[in-house]
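There are structures below to look over.
Same chain, two partners: subunit A is paired with subunit B first, then with subunit C.
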Partner chain A sequence: MRTEPTSTAEIPRHDELVDERLVRWYLISAALYLAVAMTGGFLMGFQLIRYNPFSGIELLSPGRWRMVHTNGVAYGFIASAFLGMLHWVVPRLTLRPVADKRLSYFIFFAWQVVVLGTVVGLLMGEAQGLEWGETPVWIDPLAQAGLGLVAINFMAPIRHLKGPMYVTLWYFTAAFIWTFLTYAMGNFIPQYFVNGTSAGAVGGLFIHDLVGLFVTPLGWGMMYYFVPIMLKKPIWSHGLSLVGFWGLAFFYPLTGIHHFLYTPIPMFLQYGAVLSTIAVEMVVTTVVVNFFATIKGSLSALKDNMPIRWFYTGMVFYFLTCLQCAFQTTLTFQALIHFSDWVVGHAHMVMYGVFSQWLIGVTVYLLPRIWRTEWYSRRMLEWHYWLSVVGITIMAFDLIVLGLFQGYMWASLAPWSDVIAFSIPWWAIRMIAGTLMFASHLLFMTHMLLTWMKAIAERKAEAAGSAAVAQTA
Partner chain B sequence: MATQAPVKRPTKLGGSSFWTTAIFALLILIPCFVAFSNKLREFILLYRHQVDGVFAISPIVNYLLASLGFFFLFWWGICNGMFTQMEQPKRSFLEQEWKLDAEQARYEAEEAHREDTDGPSIYERSARMK
Partner chain C sequence: MLENRSGVFFIAGLFFFALAFVSQAVVPILMYRDQPELTAEQLVNPNVRFQFEDLAKRFPEPFKAAFGEVPANPGPEREEWLNKRAAEALRVGRKAYTGEACWHCHSQFVRPVSNEDRRFGPVSEAWEYQNELQRPVMFGTRRVGPDLSREGGRRSNDWHAAHLFQPNALISGSPMPSYKWYFDGSPDKPNKKGLSLILYLQWLGSWLESYPYYEDYKASPLRLPEAKSAAPAAAPAAGEGE
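So, the complex of A and B:
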């Protein structure tokens, strides 16, 4: 059902609400961080096929590049792109600007210090011993304070709302609180307060909660905002979207321990994690059903509308990855695939196939609006999309299948060196897939630059035209 | 006081949407209740029989606190009418978006017209290029 716009009386102007310059800065910095993070992954790929271009250089050792890759994606690309998106969405949804624009700029610069400090710290070998929490210990308090300020800045307009709240704002509100708490739990509790199995349990919660309670609510909230706008019709069922939100809220916090099945953690906690992970799959199904029911009748948008295509490609990957998760979290399946490349394939499908695709879609939508121009070339957009999607599909399939082979080889007690020798050709295919993804991103950055230059040229021509008209008048 | 948008067309949850929502709600809530009760029972048994098992209290307390927080948030939502007219926000938000775009387009058109007649100042021109 389509709704039509009504009177525009008594509504603030967009430029009074949204600081477009800040949104632009965040989106561009996110693209730059993704390039750095992908460079890290690219170099790590060389190591896997036994060709390390920086052999013997400690600062550029593969283990450090790998951490730059993972942390660069999480805190550089994804966090920056989300912050840019939030500066657009929250003021428009609440009709109020953020708490303080000066605070927004302070957070922007502070976040650059956090990300760059993390990269430098990791390359210098100052990693914290926790997966996805490798940020050096001296960065943690700054990042924690930054997350607190982000919550304050964006919650200020949300707290003034009265009446039923759109689902996007439920997700965002929860994400501001969850991210702050999750970061504190993962970076401080195992470091300073608990150790042994308890630290392992907390670490498991942290790894998965960072995906489920930071990236997922912001991602879903973002999709519930942008998809209806671009399809020009409301989401199929708002009630169902709220079931998804509350399901996530009650189920997700316990899923993380499924990373530590077969450990000394009490079995009832492990079973609880397995059960709640399977329940999360049902929650995911509500979201997927809702979005595919929304696009019913507008399927041509998948061909014509590039952001919609990015979004729905990400949704297909999301469903696949969560379905995979529901299986791989069972004890039987876990015995086969634990420590194998299956997990790496799964992680790439989640972070690149889903959330990066959604954020790229948002960038494709927002940058031309901010620059008041069209993209420089439709063909470049198409190449960017297809290189990226073909790349991640090959990589995910390659690593998932390889993981099964590795699991069976380990189960049959094959020597470790045989498993490595068997894996190298598969890692070469992974390298090719990664090259496609990296090339797609470099193409996108070039396209951004060309579009920006085009926008400047158009502005100059427009200004010259106005001046000429004024002179003749 | 800001509201998300004026309430214009209160709508009820349609037949198919209602049943889909209800079925998913039950599919989620029943396993949740069973799982939680089971975990609580096993935790009490563990606590009674193994002194070392007390270390499991850390993740349990984490989960209980998170769940309790969300229970209170849920209750707050009910008390503040967040779940009345369940389908209304999806339409009011879209109307609001269109109004924002229309208002901005009108403002920019007016500005462009003003510049065509008066000409932009040097400051305005340089500010636009940033």
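So, the complex of A and C:
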């Protein structure tokens, strides 16, 4: 904290710190982008079960929409939702507003240009050959500048802090610089400076750093902020927080090459990446233990407090996904499951099961506060939660098990078409799971609309009420 | 230091990132710096040239519309013309391959495990990727369809045209999308991007001694009651040659 405020009078008011309109815009645009991204996943899913109603239409090509799916989730949904969350958390935690309000709005609009430009570029067939960095090369400089401005804007309030900072700000500070560097490394080095096998190593670093150094630290920083506030008690162990942060900071950047085991990348580098990945799992366990020890004694919050339920569900998935990772990164597992749907299941469990659940939880927490009302319907919140959790559980389990079968069939030299024929029923189950997840999101968007209308109606009634009071007086 | 702003910023943010970048990226970059990057022009080998001229013969009208008239008289002028157009086609083909996300379902590296060298061909080596068409590299991370790094020459240009136009017409049950926009209405009329994409596919693996590599399914040494798994797989691949 800045200086220990002696009385409440010294603490700036919420309105001076947080631009609620911007938070709201970010959260709503994030929800819209998630809908677009899920449409992309849907198209690809239909293609895999060999039912594509739009076959032969260039702009609806499933391959292109697959890239809209992954990039839409990363840069549309996750980045936007994080930016909204940061506009709420950073000023409230540092007790200072961001560097400049106009800059905040400029970033908002620039980011919309980045995301929409990416979608248009991908649909026109302009993709860059870099996984998760398919943003066309002509968008990259703008995105890079945007990330630089984001760092400047949010580092301004942090810059004035003296002495030890709260855990959340360690993660955020590191994430601002990591995201900027990761994007620069991944999008420019393999495109303009190196090629071939070395570019593969950089590409692996990029894929993993995007998860590990952009999404993960912002996500955990967010958890360290919201969970103690909602549970009204401090985090269980500060020492474990330290272990978690510094362990992540040291080991996570070293894991990238585990995406390309058994490639021509030198074997000693591959071993290094495998060992760091297993180390990350140990670190992750300390963080998860810390959070579960925190909620001990307040378990009823899981039932009553929807955001807490979303957060802790995400943490369970986080633990599972990292545990899975510690196994799948070994060369033994890689020989079997690499290239298979196991990895796709893993990716969905991380990005949807963990980070999307956390960001949905934050949205569920923030929107009613911004609209100064309650959610329209508790039942809709419950349906939203259960459809989403059941959906991702089925999808992850289905794809991970399918991956094992695919790996064994490939190794046994079964004809390729046999593997496809075997996979199709599993892909059909994945479509059902995806439909549940998509339905949960559409329900959530409807719920947002209803709550917003309710908020407007309440404002009107209030205004009418106070006008009536004024008249009688 | 562990909890204040500059400690987090400089040690975690900058130093640890730099450490990882040096050990994970700069090391391979230095290791492979003696292998120069080949341009598309340098990649046009006799195998690619054969396929390019074959495209000109099989699809004369579309080829003419896309690349112009092939000089009639043999000689250095004709050679130069063909090499130049083939290099151009490789670049255009690579762009289409990336733009359609082909590489998200078809990897381009053969691993030394999981019997992949029997199914796909020789295990990949670093030098194969030191060229312009691997910028950024097309390793890929998922195989819905088979690896393509040894695909060149396995199947004819006609096969590729028909397959890109409508995959399940040739491989029943294939989940691959059709790419009709690379054709002017029918599989015998590929447009410039279509021709280039076919040439790009034929280029893959054309630099190897073993080109064209056919799937090598030897009967299992285990005596099964009937060797069911080996026979049907070998048949379609072997029949597809020239």
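One rule holds in what follows: the second predicted complex is superposed on the first by the 466 of 473 C-alpha atoms of A that agree within 3 Å, B and C clash if a C-alpha of one lies under 4 Å from a C-alpha of the other, contacts with A are read in each partner's own complex, and residues count from 1 in each chain.
Going forward, contacts are C-beta pairs under 8 Å (C-beta built on N, C-alpha and C of every residue); 3 or more make two chains touch, one makes a residue touch a chain.
All of these numbers come straight from a predicted model, not from anything done at the bench.
Engineer: Clash or fit: subunit B and subunit C on subunit A?
Structural biologist: Superposition check on subunit A flags a clash between subunit B and subunit C.
Engineer: Of the two partner chains, subunit B (first) and subunit C (second), which one does A:V194 touch, if any: first, second, both, or neither?
Structural biologist: Both partners, subunit B and subunit C.
Engineer: One more residue to check, A:K454. First (subunit B), second (subunit C), both or neither?
Structural biologist: neither
Engineer: Quick one: classify A:M185 as touching subunit B (first), subunit C (second), both or neither.
Structural biologist: Touch partners of A:M185: subunit B and subunit C.
Engineer: When the two structures are overlaid on chain A, which partner does A:V289 contact: first (subunit B), second (subunit C), both, or neither?
Structural biologist: The answer is first: A:V289 touches subunit B but not subunit C.
Engineer: Given the touch rule stated above, what does A:G163 touch, subunit B (first), subunit C (second), both, or neither?
Structural biologist: Both subunit B and subunit C are touched by A:G163.
Engineer: For A:I265 in the superposed arrangement: first (subunit B), second (subunit C), both or neither?
Structural biologist: It touches subunit B and subunit C both.
Engineer: May I ask you to decide whether A:N52 touches subunit B, subunit C, both, or neither, giving the answer as first, second, both or neither?
Structural biologist: Once the two structures are laid over each other on A, A:N52 reaches subunit C alone.
Engineer: Once chain A of both complexes is superposed, is A:P253 in touch with subunit B (first), subunit C (second), both, or neither?
Structural biologist: both
Engineer: Where does A:L275 make contact in the superposed view: on subunit B (first), on subunit C (second), on both, or on neither?
Structural biologist: It touches subunit B, and subunit C stays clear.
Engineer: Of the candidate stretches 23-31, 59-67 or 95-103, which in subunit B collides with subunit C after aligning the structures?
Structural biologist: Between subunit B and subunit C, the clashing stretch is 59-67.
Engineer: Would you tell me the residues on subunit A in contact with subunit B in one complex that are also in contact with subunit C in the other?
Structural biologist: Residues 161, 163-165, 185, 194, 196-198, 201-202, 205, 242, 246, 249-250, 253-254, 257, 265-266, 269, 272, which sit in both footprints.
Engineer: Under the stated contact criterion, what part of subunit C meets subunit A in this complex?
Structural biologist: 2-5, 8-9, 11-14, 16-17, 19-21, 23-25, 27-29, 31-32, 35, 37, 95-96, 98-105, 107, 109, 111-116, 118-119, 124-126, 128-132, 134-146, 168, 171-175, 177-181, 217, 229-230, 232-233
Engineer: Quick check on the complex: what are the subunit B residues that touch subunit A?
Structural biologist: Listed in rising order, the residues of subunit B that touch subunit A are 1-4, 7-8, 13, 17-18, 20-21, 24-25, 27-28, 31-32, 35, 38-39, 42-43, 46, 53, 55-56, 58-60, 62-63, 66-67, 70, 73-74, 80-104, 106-107, 112, 115-120, 125, 128-130.
Engineer: Could you pull out which subunit A residues touch subunit B in their complex?
Structural biologist: Residues of subunit A touching subunit B: 3-8, 11-15, 17, 21, 92-96, 157, 160-168, 185, 194, 196-198, 201-202, 205, 225, 228-229, 232-240, 242-243, 246-247, 249-251, 253-254, 257, 265-266, 268-269, 271-272, 275-276, 278-279, 282-283, 285-286, 289, 456, 459-460, 463, 466-467, 469-471, 473.
Engineer: Name, in rising order, each residue of subunit A that touches subunit C in their complex.
Structural biologist: On the subunit A side, the touching residues are 47-50, 52, 55-56, 58, 61-64, 66-67, 124-131, 134, 158-159, 161, 163-165, 169-170, 173-174, 176-178, 181-182, 185, 189-191, 194-205, 207, 213, 242, 245-246, 249-250, 253-254, 256-257, 259-260, 262-266, 269, 272-273, 334-336, 338-340, 343-344, 407, 410-417, 420-421, 424.
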